[in-house]
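The structure's right below; bear with me while I get my questions together.
Note that the chains are named A, B and C in the order they appear, and that numbering of residues resets to 1 at the start of each chain.
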Amino acid sequence: MNELIIYQLASVPAIAALGIILGLLFKGIDRVLAARMQARIGPPIRQPFRDLRKLMIKENIVPKNAVRFVFNGMPLLAVAASITILLYVPIAGFLPLMQGYGDLILLLYLLLIPSLALVLGGFASASPYASIGAQREMVSMISYELPLAVAVASIAWLFSRAMPGIASFSLAAIAANPVWELVGPVGFIGLLALFLILLAVMPGEIGVIPFDTAEAETEIASGMLVEYSGRNLALFYLADAVKTVGFASILIAIFLPYGISGTLSLQGANAVAADALFFLLKLFIVVFIGRVLIRVAVPRLRITQVVKAYWGYATIAALCGLSLIALDAILLAGGC
Amino acid sequence: MSEGKTFKIAVGPVHPALKEPVQLNCEIEGEQVKHVDIELSQVHRSIEWIGTRRNPVQVVFLAEKICGICNICHTLCFCEAVESIAGIEVPARAHYIRTIAAELERIHSHILWAGVAAHELGFDSVMHYTWKLREKVLDTTEYLTGNRIGKAIVTIGGTKRDIEEKQFGKIREACNYYRQNFSRLRDIFLKDPIIKARARDIGILRRDDALSLCAVGPTARASGVKKDVRQDEAYAAYPDLDVKAITPKELLGEIRGDVYDRIAVRLLEVLQSVELIEKCLKQMPEGKIAYESKLAKVLSDVKQLKGEAIGRHEAPRGEVFHYLKMVGEETPYSWKVRAPTYNNILSWIPMLKGAQIADIPIVAASIDPCMSCTNRAAIADGKELGNEKLHRLSVEKTRSLKKGPGSERGNCN
Amino acid sequence: MTAMLRELLKQLFKRPFTNKFPSKRIPESVNGFLEKAEKGKAKINPAIPVPEGFRGRIEYYREKCIGCQLCTKVCPADAIVFLPKEKKVEYHLFRCSFCGQCVEICPVKALEFTKEFLLADYKKD
């Protein structure tokens, strides 16, 4: 047992490094793809790494009126929470490191922490723009949590019903049993709705257009981040990058948990490599749809419209998905 | 959110939403704008003052530098004023060339504005897309005048360059390009549900407000005021072209005076400009391009003029107005420039009342503001000056200008 | 939304619209970079040709100049300064606004447009 703990502890930095590298890499890919879609050349893919290095060596300015320890502490908290997400999510075919210590509910809370850190950091920086941004972030957090919670609860309910006896909120269990196989045709549509809703929550969760009202460059000059500079800004930048990978991995674990090694009948190291590559491909697809495509194809919403979109349309769609799954369960039970 | 408690935020003078310095002091309650105060004069370049220290031939190109985007309109106004003082008759062909240049400028300016508006909405893809479309008109301008932006084609008594028969092909090609892309732009801007949600019923300027605030150009036309210098007091080649002021009614069927209407008006004006250029090419008469081809002769002709005159032009943003007074010296005695933003800027106040913070950038951009063209004064100690004293000083200044030389001259503040 | 999305996806598979800057990075000195490129040491992205009658850098032929000062009278930017001792003028590129009045008025064609447009630099030389 002790050995296991040591092994786990040793793996944490490795996962953190992997998360950071993947996050920055996907940020670079995101920027290049967005640029190409806009008929621009765009930066090289390694640009986020350079940005990070540059920000790290820049002066770290703390405003005079800011609450110093909150202002400086929040970026660290954001990065720490984002990396912790990765410890609970299966990545590249490996089981989550902290398997058995936490489940989907914990992940929901962990996902909140970087945003909360931004909010507190915004309030602590004593700028009217940052305050407006922080207020907006809180409002949009409340908005997207609702459809997200409904969707996650629906999945858990599906599991508890279809496979009684296993921990229904355990992400590893969900990943081991693809959800699509648990439902009939009606439930399939319901699941598809839930999948689309999680994809729609993704831009809100990682704060990109159209749901980036809290940062809104042209309105409130990047809102909560307006007073941040240097190392602190770099940490927020990092947290954003890692969180993107984290949220996309959760989506993959729930809806696209398939590996490729079985289909190609590979074994040993080849299988691991193939699965890892396949995971990267899935990650790419999710990030492309949930981040790149959405952010280039629509303008920014007003905060009232964000609330309307999430509480109204997304929540109704999530409830519809839930009822379709329930209906499917009844139909299946009736059929048996 | 805090009920009834207002706080202040300053948008500008340096803010990502505003491309030029101006300050909007907004009183905010929650997300709603309760009150707006505009603080102008953040950038004053004393161009008029420089202009009164140069001869008219030099000022033509100084006028071009008033505004980077609409450089034809200021040059044209100034030349019109000089021509009417000196009694110079501009050849018909020059009028047509000037019109083509002015309409190319309108296409360029409106498409540039469309991109800026999209950027204010956070829709950068559309900004890049529209600016990609704009390249065609810039290339055409470069082909005709020798530079992409600074055209340097209008001069006193005519134009500097001719547009020859062999160049018509490229202009027609550009016209066709915009004709084909018009429907695409219309779909992107007017059919997109989110742009519609962000622009419809936002920043409404009612017709009576537009009239009482003397709004000009697309801002006034989008509110249903049929006002266009090209139609009302046609100059250059416009009398032959039969220009009609455009209102959003033609495309949308109704007039609401909101941001959406202003987008529609500008898009329609791009199409109108294309039509005007095509008409110009068809009707262009033969003849000289300037009353005098030797610049040295022009220089001596305008050296000792006496009299005063105005020049007017419908710039892409609205009416530009120049006043010029010469008293027999080499340099103008007084030169006054009024850019369209000067009229339009106060319409921000009715537009922004009750709007959300998120609407400030797009509403501010919707009048297509151009600050350095507008600012004609810099106040160093504005706080102590007060409205009354400022008014008195302005009246004194105007009187001294009216009296002419002999009275105190100079510090044009 | 759909109209723009279609356009964006189409552009994803097209070549970027941007014209490449002649050099990959900003060169320390433009002249130095051009010299290097001539010797084949640096790669230069071919410039998009400028049209006939382009108003680029103005070339001043000192030996042709007769010192009539007409150009100084029409220059709006005071970019041309008369040197009374030598009866010649001095042309300051960094003040020039490329209006072309001096080229037009010069009786002996001592001033001429070139097609050079890569003029931004850190030093005034």
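In this section, contacts are C-beta pairs under 8 Å (C-beta built on N, C-alpha and C of every residue); 3 or more make two chains touch, one makes a residue touch a chain.
Computed from a prediction, not measured in an experiment: that's the story for all the values here.
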item	value
Between A-B and A-C, the pair with more C-beta contacts	A-B
Chain with minimal offset from the mean of all protein Cα atoms	B
Separation of mean Cα positions, chain C and chain B [Å, integer]	28
Centroid distance [mean C-alpha coordinates] between chain B and chain A, Å	46
Residues of chain C touching at least two other chains	1, 4, 8, 17
Chain A residues counted as touching two or more neighbouring chains	37-40, 296-298
Multi-partner residues of chain B (at least 2 other chains)	125-126, 129, 132, 192, 194
Of chain C, residues touching chain B in the complex	1, 3-4, 7-8, 17, 50-51, 53-55, 70, 73-77, 97-101, 104-105, 107, 113
Interfacial residue positions of chain A with respect to chain B in the complex	37-40, 128-129, 132, 135-136, 209-210, 212-213, 216-222, 296-305
Chain A partner contacts - residues on chain B that touch it in the complex	1, 7-9, 15-17, 28, 31, 118-126, 128-129, 132, 192, 194-195, 197-198, 356-361
Complex interface listing, chain B residues touching chain C	54-55, 57-62, 64-65, 125-126, 129, 132, 135, 142-143, 146-147, 150, 152, 160-161, 184, 187-188, 191-194, 295-296, 299
For the chain C and chain A complex, residues of the former touching the latter	1, 4-5, 8-9, 11-12, 14, 16-18, 20
